[in-house]
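Labels run A, B, C, D and E following the written order; every chain starts at residue 1.
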Amino acid sequence: MSYSILTCFDILLILTLLWLGWRLLSTEDIFKAVVLFISFGLLMALAWVRMRAPDVALAEAALGAGLTGPLFLAALRRMKRIHKGERRLDSDENRGEDHEADPEQTQAA
Amino acid sequence: MIFLHADTPAWMLFPIVLPLIAGLLCFLFSRRTFVIALAAVLANFLVVCLLIYQLLVFGSMRCHMGGWQPPLGISLRTDGPALLMLLMTAVTGLAITLYARGYFSYRIFDPPRAGRHQRQQRFFWPLWMLLLAGLNGLFLSNDIFNIYVTLELIGISAASLAALSGKPASQLASFRYLLISLLGSLTYLLGIVFLYRSCGVLDLDLLQNLSNNGPGVRAALALMSVGLLLKTALFPLHFWLPPAHANALAPVSAILSALVVKGSFYLLFRFWFEIFPSTITTPALNFMGTLGAAAILWGAIQAMRQHRLKLMVAYSTVSQLGYLFIAFPLARVDGSAQLWSIVIFMALAHSCAKSAMFMVAGTVFLHLGHDRIKDLSGVRATLPITVFAYGIAGVSLMGLPPSGAFIAKWMLLSSSLASSQWWWALVVMSGSLLAMIYVFRVMSRFFVIPEGVSFIRPAPFSPLLEWPALALALISLFLGLVAPWPLHILSQGSTALAQSFPGGLP
Amino acid sequence: MITTLLYSLTGLILFAMGLFTLIVHSHPLRKILAVNVMSTGVFLILVATAYTPLGQGEIDPVPHAMVLTGIVVSVSITALALILACRVQETSNLDLLEKSKQSKARKESGA
Amino acid sequence: MTWGQWLLVSILLSSFLPGIIIFALPEEKHHLRTILNLCGSTLKIALILIMDTWIYLGHSFEIRMVIIPGVELLLNGDPLSALFATLSSVLWLLTTVYAVGYLEESPNRSHFFGYFSLCVTVTIGIALAGNLVTFLLFYEMLTLTTYPLVIHRGTEKSLRAGRNYLIYAFSGGAVFLFAVVWLQAVVGPTDFSGAGFSPSFVDTHSTVLVLIFILLIIGVGVKAALVPLHGWLPQAMVAPAPVSALLHAVAVVKAGAFGIIRIVLDVYGAQNLLLLGVLPLLAGVATITILYGSVRALQQDGLKRRLAFSTISQVSYIALGMSLVDQPLALIGGLVHLVHQGLMKITLFFCAGNLAETLGIHRISEMSGVARRMPLTMAAFSIGAFGMIGIPPTVGFVSKWYLGLGGLAAGNWWVVLVLAVSSLLNACYFLPILTKAWFGKQQGPWPEELYVGRFETRLMLLVPPLVTAFIVMAAGVVANAQISPLAWVRFIVREYGL
Amino acid sequence: MRRTRNRHKRLDGFQRLFLLLVICLTALLGAILCTIHGPTPGLADAVAQFQEQSGVESPVTAVLLNFRGYDTLLEVMVLLLAVIGAWSLTEAPFPDQITEISPVQMGAVRLLAPVMCLVAAYLVWQGSHLAGGAFQGGAILGAAGVLLLVSELPWLRSTPVFSLRIGLVLGPLVFVGTALFCLFFTGDLLGYPEGTAGWLILLIETACALSIGLTLASLFAGGRPEDEVVLEHKPVDQSFNGERS
């Protein structure tokens, strides 16, 4: 009888996972997708526990959700800032590193 | 204390561990990185020579990591093909290391962008050393999951190297390269999952002995092959290769074209003909051959149409990789021993010739500031050695005698004619002719004397830029003359190979 | 057994969804997300393979170790890919800016 | 290694090493370069003469190197290779002298002479090749080493010519490679043994063997400029005169012709070819080429172009001789023409180069009265032209005589007809030049008078054509003597037991 | 963005074809998966058999750091490679603006960071017998690093780069060093001498956890520190770039 309860839990978990996965891949807003991805990761941790893989669950919770999420958010923020056309004035490397395709400039140098 | 003797299997650890440590040190220290890298590459070369000696004297060896026998532990093994690939990596790597030194010191001399060039050099060495470790690990590994880790090691370092030039085009290409290589590794990993599920072991020897032929193994082999094909850039999965290779720095292009694609190809070949020979079918072989033929022709035609030297060389890589696959359908006649010699020869010759060619392209780029093919006139007089190297490398790419590629093409032709599959022979011949056209299209530009110039002074001589390319080109040219040696090494320790196909495939 | 199968199929579907998104969508972040979903799918199949219900024997730890390795690798590649994606945007944006500036300057000098 | 093997190696090295050193020499050291060149070529002649002597005395030597089963490098000194090697080395010495004079003060000489030496090395390699694989090796290398010479001027026109040359030559090479591999797959190793493969294969594989023969002839026919594979040759005239001389008389065209000889005599063997019945095919192609080349030569005004078409026509005499392989006399005619045509054609090209270099004359219409300005050059030219027409006592007559006799002996009256028509045509395109040069009146100043001095032109340009012209006469006069090309060819034919 | 939306709304021909292909392949692979669930032993028994000798109680840790320690060695390299790659690409971006950090947030950081370090240490320690280990501990450390980075603590920017590099390389170096040490003592790479396995594994795990934490935090920072590449205007080495005579 506990078997059937477990199976019900399994099916519920799987459906949620699939739904989250689908949403995060298809939602139009990238930010929303990232948030969904974090929750997907947390749910995955649950799935790992269910699979009797506590090591993987810990790693998933810490790495998958805990670090990948912030990484995505940071990248998103960085890209948005680029999108606004904001420019950093400090480093020379950002000033178009493509001089090499430009013969005049190289020869002048 | 255990001391290393000539017959100690532990020697085979050094080609992996030495570059690994060198990579760490190169990252840790910002000075003398070249010296560290050079020491590692030289030591690697010596150890590989020792390993070959070991193979010739004591035969194929296994080295068990941590003393754990498979299936529990990971093992490395040396055999003929693996050692030849190691040798190829060591020789090409040595030349590339020297060339990279010349390349960077030439560029750093250019004050306005010295900072950027300094940074490129700063990160080139650790990335290259770790890539070398990954490649050596890949060739030696005998564990299917360990191969996955080495693949990732190679993929990440290769993508980082490809982005090193900092040009937007190179970064975009590198991003795609990273994703593709990731996709390839994931597909490969999925294959491992299927394999583990059906066989329950990860060691290649055990997998070979199981000779499981069920649908799980078939699916696994298909998945792994697709993943590796993505990384090998076989037509039509080659789309990522030309931009990534052509936009990178010249030493990086040489590494990517000469070594990285060979790694995944080597695996693919090994899986097909050594580990799972009973799984493959004639239609699959013919399919691969067809793709290879398409790659030869398509790559060569694209190479002919390019306006930039590096792009041309990159497309030529696409074309040359096709030759490796066109050998597949010939397995039905010759068994895998002959096949190994074809592909190994092809790989060796191509690796040397192609890295020489990318070096030439880089040197020309450094001197002219561009690599537009139509404006290359007069280079013959400015960089005579470089142009000579280009010519010789071109001869090798065309497969003219006595280059190593000629030997490979000869074997291809005779196998295909002997098995009355003459259409493969026709493709090989037309591929050579197309290669002639694209090689000499550039060559003739080198020879043009610009209008109104009677005498061109040779450029300042930079030995480290010019000699490595020439040396590699010469090696690829004379590889054909010393063919008995590689064949001898190849026949060593691959007795299992010969037995696995007693009378050829069904 | 049914549990193993259920989770394996889920992993496979996740892999397929990720693959489809990776090829079809063009936004770099979405591509990276897709790759992450794919890898999660593969890991799920692998762990499900090792699963044995409680009290029916030892769990095979090798796939778990493999998945741990895989997770770490995938995190590092994700981080690298994200930074690379940012760089692509930065440089191409700046490149566009430079170019428009140059063309503007050319126009002005021409006028 | 035995001394004979050392001899073979040193014959190759005697031009290879100077070539490599010349590449490394700086541009300015032209004296050192000249000395190197001359020493190398003299040494080579000496070595080859030693080899000839020993071959005549019945020794034979070979170097064999097995690369993979089926691919062997084999260098072999036999009478036939001695013939070609001697011709090449003698003409190389003369051409070197000529080239030194011709290229005085022009740029990129170290480059030029480097490839020049390599080119001769490769030609000698072709002569010494002991099997089809080795022949193929040197055959492809010949294309590579001559290409930089063809495009030496670096102009767009020369690049175009070079491209065409490459496409023709490498396509031929590819066909040849294909045929060689196929032949090996059918009959096994293809050493130049003198007898050809076992006749038993003819019964079992006759269609395939015919096909392979056609492919092989196409492969070498590109370099031998058989119609319709001749397109590259007239275009390659943009190269400097020594190069043209080399291409036409010594290296490229001759390599093709030599290939035909090897295939007919050594690879297939006369008996097998007769059994296969492919010789009429070769005869047909040769006839068409002879007549077509002559007719086209008639239409040309450019002196070098006319000579080029004349080459196309003349080289096919060799093919014609080979197609009558069962007739020893015709065989002698064809073989000896290998030498004779080289001597005559190199004389003509030297003279054409002299005219261009001294007076800037490139066209026949500009040649009126030129003999009064350059009598010695035109005398040499006339001897060469008479040889081409086949007037006794020049060597051209000897070749045609033997070919004709051979044809008659076989009852092939058409051979004589072809020879007659071709000689007539030769006369038609050479005699007007001669009359114009000797008896015409100078019309206005020369196009571009570049040299005024004690002699009619630079001494180094003048001597080589005089020497070759002398040989053209002398070899014809003493054809029956102990030492002459003809005598050696008879020796060869004896060796082949025909 | 707009382009993505458009594409998303309606799939074009190629995409539909691809969808079909993916569905077919998935179905095929699923079917194969269903057929191969047969009883394969896996390596559970082998691991259990040698668990005693591995020096740790947790089977996963035993596989990770003993039986298949070589994999883990390479994997640690992969992590380091990601940092090298990231550093080679770009500098760490500057924050939008230096905002005053609220005392509440500061307090939270003051409280959380040490606790996280403690948790990390505990995870590494318990890795030998329960779930946990270098990766999990390192991840927690990395999270702590992220927390510090987000709070824009000024002293973070003034950390000498060389020490950062040492920290990053420490784990891999200790790992390789231990592996070589074992090689010279037992003749096997990572073949721990009798009785020392537990301690050596703990050593490796501790070093790796530190490095992994630093690595993850560096990856979060998004690029190399500012003064990573110091300009050296040294003349080109004459021995390598001599004039052609």
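Note that contacts are C-beta pairs under 8 Å (C-beta built on N, C-alpha and C of every residue); 3 or more make two chains touch, one makes a residue touch a chain.
These numbers come from a predicted model, not from an experiment.
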Steps in the shortest chain-to-chain touch route ending at subunit D and beginning at subunit C: 2
Chain nearest the overall Cα centroid: B
Centroid-based (C-alpha) most distant chain relative to subunit B: D
Chain pair with the most C-beta contacts: B-E
From subunit E, the most remote chain by mean C-alpha position: D
Separation of subunit A from subunit C, taking each centre as the mean of its C-alpha atoms, in whole Å: 8
Computed distance of Cα centres, subunit D from subunit A, in Å: 73
Averaged-CA centre spacing for the pair subunit E and subunit B, given as whole angstrom: 28
Residues of subunit B whose C-beta touches two or more other chains: 111, 115, 119, 145, 149, 152, 156, 159-160, 163, 166-168, 171, 196-197
Multi-partner residues of subunit C (each touching 2 or more other chains): 13, 15, 19, 25, 27, 30, 32, 45, 49-50, 59, 62-64, 66, 68-69, 71-73, 75-77, 79-80, 83-87, 90-91, 95
Where subunit A touches two or more other chains, by residue: 26, 30, 55, 59, 63, 67, 71, 74-75, 78, 93, 96-98
Of subunit E, residues touching subunit B in the complex: 28-29, 32-33, 35-38, 40-43, 46-47, 50, 66-71, 74-75, 77-78, 80-82, 84-85, 87-89, 165-166, 168-169, 172-173, 176, 179-180, 182-192, 228-233, 235-237, 240-245
Complex contacts: residues of subunit C adjacent to subunit A: 2-3, 6-7, 10, 13-14, 17-18, 21, 25, 27, 29-30, 32-34, 36-37, 40, 43-44, 47-48, 50-52, 54, 59, 64, 67-68, 71-72, 75, 78-79, 82-83, 85-86, 89-91, 93-95, 97-98
Subunit E contact footprint on subunit A (complex, rising order): 26, 28, 30, 54-55, 57-59, 62-63, 66-67, 70-71, 74-75, 78, 81, 88, 90-91, 93
Complex interface listing, subunit E residues touching subunit A: 1, 4-5, 8, 58, 60-61, 90-91, 93-94, 96, 123, 130-133, 135-136, 139-140, 142-143, 146, 216, 219-220, 222
Touching residues on subunit E, where the partner in the complex is subunit C: 1, 3-4, 7-8, 11, 15, 18-19, 22-23, 25-26, 29-30, 33-34, 37, 42-45, 47-48, 59-60, 62-64, 67-68, 71-72, 75, 78-79, 81-82, 85-86, 89-90, 93, 135, 212, 215-216, 219-220, 222-223
